[in-house]
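There are two complexes below, and they share subunit A, which is joined by subunit B in the first and by subunit C in the second.
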Partner chain A sequence: MFKQIKYIFLFSFMLFGFSIYAQKSGGTLVYLVQPEPPSMASYISTSGPIGLVAPKIYEGLFDYDNDGQIVHVLAAGHTVSNDGKTVTFNLRKGVKWHDGKPFTSDDVAFTVMNVLKKFHPRGPNSFREVTRIDTPDSHTAIFKLRKPAPYMLRALSAYESPIVPKHHLEGTDIKSAKLGNKPVGTGPFKFVEWKKGQYVRLEKNKNYWRKGLPYIDRVVGRFVPDASTRTAAMENGEVLYAAYNAVPNIDAVRLKKREDISVTTDGYSMINPVALIEFNAKEGPFANPAIRRAISLAIDRQFMIDNIFFGYGKPATSALSTNFKPTGLYASMPNYPARGDIAAAKAELDSAGIKPDVNGVRVRAILDLIPYGEDYRRAGEYLKQVLGDIGIKLELRYEDVPTWLKRIYHNYDFVMNLNYFYQLPDPVLGVHRHYGTDQIRKGTHFVNSSRYSNPELDQLLASGAIEANAQKRTQIYKKVQEILARDMPVVNLFEMQFLTVYNTKLKGANNSALGPYSSFSEAYLD
Partner chain B sequence: MHGFWGRFSKNKSAVLGLFILCLVIFLAAIANWIYPDDPFRLAGKPMSIPGTNGFLLGSDTLGRDVASGIAHGAKTSMLIGLLATVAAVFIGIIFGALAGYYGGIIDDALMRITEIFQTIPSFVFAILLVAIMKPSIESIVIAITVVSWPAVARLVRGEFLSLKTREFVQACHTLGMSDSRIMIREILPNCLSPVIVIGSLMVATAILIESGLAFLGLGDPNIMSWGFQIGAGRTMLRSAWWVCTFPGIAILITVLAINLVGEGLNDAFNPRLRERN
Partner chain C sequence: MNRSAKILRYVIRRLIQAIPIILAIIVLNFFLLNMAEGDAVDVLAGEAGSATPEYMAELRAKFGLDQPLPVQLLVYLKNIVSLDLGYSFRHDMPVSILIVDRFWPTLLLMVSTIILAIGFGILLGLLAATNLNTWKDAVISVFALITYATPLFWVGLMMIVVFSINLRWFPTSGMENIAAFYEGFDRFVDITHHLVLPTITLSLFYLALYTRLMRASMLEQYGQDYVVTARAKGLPERRITFGHVLRNALLPVVTMAGVQVGALIGGSVIVESVFAWPGLGMLAFESLFARDLNLLLGIFLISSVLVVVVNLIVDIIYCFLDPRIEIS
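Take a look at the complex of A and B:
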């Protein structure tokens, strides 16, 4: 009798459980892609809008969950040798490309060695230690490395390193291959049609290797150039998902109050954007680290977040973002007060001998502003005021994008520049480029424009890149952050939070650390 | 002069316009006295509703005083309007006078140049000029001048064409006066009244162009103006209406007042025209 009751109990529990977790199949998911992507070639461009579409079609070896932990995708498992120089991926069996051809280890070797390492913007950095990929059989790929490269395992997502079909690219000019506009992947959705200026349409992959997935039959990415039209489309339920501030913050704050719309900041930790000020550390008024420290001390970071970015953001507390906390690399540092400390900033300047003149002005300078929209102008206006209070009198300069890029990264004709950087999932991928002496690359955008050069730091960065032991790596990056908190060639302002606005009908769309740059494989409509 | 004022004051709306204009000029003059602080200063709690936290007309997203911005913005608008108009009238008179007086090939050449400027839509042209030069108060004045002078040139040329055949000009010729003296001392004073009218209207247009440029983000980022205030507040129109609304009203009233004054001047200078109506 007791046994029977137990079974009944268990059975009803299962039923109950099933009814809660049942995902409905079918339906069309319309989402915003802003702006229209230049191509679908995610293997040669990291352009944001490509990332919104291509990872639905292509897959990577890994994905990462919201805690940053590895989820195996095309790789069913992986092992790293003790010396860190051999990484073996056991690939999934029975995976087929959308055109019916089988997916094999040859595809992986070709993608990494012939495509990503050669043509991808960040690929040469992510895979720089890979010398050879052995393929003893069709479902094993063995990466041979020159030195250990722990950061490589953070760069294997569908967005960062998509695996592409060898049989479509071999022997063609990879930069202009047809695949760029007609992607063929292994992912949950197949490419169907791209109506320029209107939409891109994807269809469910019925032979997807994860049985029962995806739930959604059809995915449509719409291109809507006008911001208020995008907001209206979200408001009346025409589109269900809008990422990367396609719906502006000010509207998102308003829409959030509605019952059928949710707003989340999840899904951006792998991108890890940080707003910051770059200084010309080589010449001009900011060559002295004391004045750079004073600026970091004076700024009320929370004020900027609350009043310019509508509460979305987190004050920076170090050269590294707090998103590096799970990997143990982040350490909290002095000189980054969240609320600003005018008195301390003045004291710093006084003790460095930078005295005010009769008008209370210590230094005059021009602040360049990243020309990506109104928010950064407001930020510039704020900085002008607050730094005026400590005697740094600024003039603002706002130019068009090419002129600005040329000024900062080619001519070095600036002293102070408001900007933001992606720190990416590992400091080697996103942070080293800002500080290393080898990253003073005239003409290359978004690298070390401060021309800050410190042999001690270079040494630490080099050893941090190859250190496989997590604890030792933590120690190395702690020292890195200490040096940067003291020298401040770049003042980090705040960790930016991009917004995804979505209709509550849509569920399961935010299950990956890549967020909008991941697939919709587990998404469903309720 | 009594007769002029008498004719001007017959138009009641022109008198009202003049009164408002004087108020705006007065506001611009005392801006530094009533709001001695920098209008960009973060004066208090951001997004304050008008009348709260010591803000007469509220504060914007950064906590800047909207009222202080309007007072200091009046200075900018007046300055840009006057400077650009004076420059445009000066260039327009030179082009128009030479073309109208000499005629022939000089007229053809100068008028073709004028037409080149006239065929380009003026606001688009102003945007282009400011974008090429870097946005600053000088480049804005230059841009407005460049798009405004052709109208003056056309007008002055027409006046010169009709006046140069009159008896008093022929009399000057027979007296042996030099061309420049005839142009400056004799013809120009006689065609000044329409120039003053068009000039007064140009001040209004200049203020509008400046506001439009600032609204599009092409204003001088270091100088407070009404267009800048509207541009900065437009994104939060639905949550903080006062940031855009008050500078918008300021532009509306000022431009309206200048137009009324311009019309009044027109009536006063051409009394017969009015009686015909």
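Take a look at the complex of A and C:
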């Protein structure tokens, strides 16, 4: 099976090889990076703006195409043993780091065991079953696993698991190594300069292992703090590419009418963002699952998408996103109506014995809002209104990022929180952290802040993680979704569609499932 | 004692007096900033997506955030006394480098704004006062009122819409053309080109202020007895205006300018943000949300030093403008 896939890829690579001569070389690609990244250390932070820059410099073992299929990058091929406990990567030969040193299997072993598994926010989870990496020669890395880990093969992109140079990190304090501000990778672009507050500049790697690539001579990521100015710069042609809503939806729908500007929602399926409400399931007014179900029933998801997010989004229909359809894990569930059902919500509350007082108020609560911009404030206003209709009287609270993080994930001083989560390419990577009892980790961000704990669910999650058989896995996750549609510690609102706005001069920039977090190696200016 | 020795002594004394003030500012800022929930590690971990509590504890220990506040303060003060502004863990760079990097763009924007605002403010105020109750006065007063009342960010955005998008005269944002690699004189021209819109935007507000102040101040001086005397002894109106009234009317404007230099750093946050100008205001703004306290304290320190120095310069300018004012 894997051999077949390998040949298909070889073939498509050859096809690609013939077509590359049609593209134009040269030019400078200026794109928006918003906000300015804290560092370039993608091996210890998955921070969004780092992802916009670092995967141009570092590469992963794999990339994934827009259908989610594996594309071999630093790994020229791979095989998984029958028991699923040995994964062998045949690494590409002749690859060099930007400083001229050869890339070897030692780098892979060091990256996974000493960097990602220890310091990366999601690495300890992605590689949790890896006990050892054998390197019989300089271009073979054999991962020995405790249990099968099918999800691991979905987490090997340049963004999620960048391979870093051992000779720059070994023997240093990895958290503050010089590499963090001056990255050295194997990717199509070399780091040149980072002018704080202005831009980061990368230049073509002339010794890139994919001959003839990249086409573009120079890539500059610009930091422009004001959203309207970002739009103006796009309009003016000063920047050619703006991802992750750097140009806000409200402007994007206007700009896309122009001939020289296009908008795409491709390139976010591996990130898989879902807007949701987290509840304090342990104490306070929302500890009762009935009221959480009622809230899910009352909300008109389509209204939110159409009116607040300018039509970009898809109503959620389960705890898992429909992006898990191709892997068979997604199942449609009740209690997630697209249009909202006030009567059903009221009936749910009545039958749970949550009665209105003389003013029609059943519950008073504060809704915390994710402090990532105006859209979430407007979403909060809508929720306040619609939940008022079923007798849940809300007050809105909007704080700055550190205060909010501390409140939700450290102090647990909240009852209801509007947020969004990345479900990532596999539930084990992005969804388990939200529901498992072992994910109630005080002080850790973006995990189970609801403090929902259900042994039955824990059991299912544990077996789902190691199940290699696709059909059995489907069954397990169907049960998971049933439990979550009933208990709803988290109410999923809608699958978000982030926007990439780009100048039509720029071609070939959207070839990877990682989209903005991929390499620009095939991008060219027409 | 001659005059310059006197001034020198005065400057030294004022500088010595400034030391306890600046120390007090540091201590106050330190506690004020530490009252905010969350710290730099929270923000870093939040941005990173997730981090284990052990990892966060390790980072806190490394940043020195695990120490009690008074200890942190003492460490900071010790650094300051040895002229070390500390280290920004977020940027993984010494604070001094970060600040110096951003100081020149700020200074550039500030100086050009002050020159433009004070220069034109004095001119317009003078014109309005000498043409009192004519159409010139009316036009200038209405102009001043409108620019004074218009929010800066809106002016900035309108400037971009009109002059960048529609007319294409100026770039929308940034400090230089990053794709062009200009050197020497070309670079100077390029930076000036980028500087025009932010300077005009930021000046408009202050321009309005100085115009109104200058006009009022001129009118007040015209009512003084010495003007009546000058007129009585037959001096031409021009001499009265430029030789006597203008000089006296300048004092309040200079005072105001001195006070506002400090505010300019803060007030430029909006303009820096709209035009993506890489100045100190934006750096301060970002470090506040990142809880990068070392960096923020460093910026505050530099700003307070700047205010002290500018006020000193203003005091010295006083005694040149009006010889009756003596420094002692």
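As a working rule, the second predicted complex is superposed on the first by the 505 of 526 C-alpha atoms of A that agree within 3 Å, B and C clash if a C-alpha of one lies under 4 Å from a C-alpha of the other, contacts with A are read in each partner's own complex, and residues count from 1 in each chain.
Throughout what follows, a contact is a pair of C-beta atoms (placed from the backbone, for glycine too) under 8 Å apart; a residue touches a chain by one contact, two chains touch by 3 or more.
Only a predicted model underlies this, so the values are computations on that prediction, with no experimental measurement involved.
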### Task
Answer with clash or fit: subunit B and subunit C placed together on subunit A by superposition.
fit
### Message
With both complexes superposed on chain A, which partner does A:K507 reach: first (subunit B), second (subunit C), both or neither?
### Response
neither
### Summary
After superposition on A, vertex subunit A (C-alpha centre) with arms to subunit B and subunit C, in degrees to the nearest 10, comes to 40
### Message
According to the stated criteria, A:E374 is in contact with first (subunit B), second (subunit C), both, or neither; which is it?
### Response
first
### Touched subunit A residues, subunit B compared with subunit C
C
### Touching partner for A:K117 - first (subunit B), second (subunit C), both, neither
neither
### Query
Of the partners subunit B and subunit C, which touch A:R441 in the superposed model: first, second, both, neither?
second
### Query
Counting only touches as set out at the top, which of subunit B and subunit C does A:N181 meet: first, second, both, neither?
second
### Message
On the A-aligned overlay, A:P248 touches which partner chain: subunit B = first, subunit C = second, or both, or neither?
### Response
first
#### Entry: Partner chain in contact with A:D400 - subunit B first, subunit C second, else both or neither
both
### Query
Which value in Å is the smallest Cα separation between subunit B and subunit C when the structures are fitted on chain A?
8
### Summary
Residues on subunit A touched by both subunit B and subunit C 399-400
### Summary
Listed in rising order, the residues of subunit B that touch subunit A in the complex are 38, 40-42, 46-47, 61-63, 131, 134-135, 217, 221-222, 231-232, 235-236, 238-239
### Query
Which positions of subunit A touch subunit B when the two form their complex?
248, 250, 254, 306-308, 374, 377-378, 380-382, 384-386, 388, 395-400
### Query
For the complex, which residues does subunit A have touching subunit C?
28, 30, 35-36, 38-39, 44-48, 119, 121-122, 124, 175-176, 180-181, 195-199, 201, 218, 220, 222-226, 228-229, 232-233, 235-236, 238, 399-403, 405-407, 410, 422, 433, 441-447
### Summary
Listed in rising order, subunit C residues that touch subunit A in their complex are 36-39, 42-53, 55-56, 58-59, 62, 89-93, 98, 101-102, 105, 153, 157, 160-161, 164-165, 168, 171-175, 178-179, 272-276, 278-279, 282-283, 286, 289-291
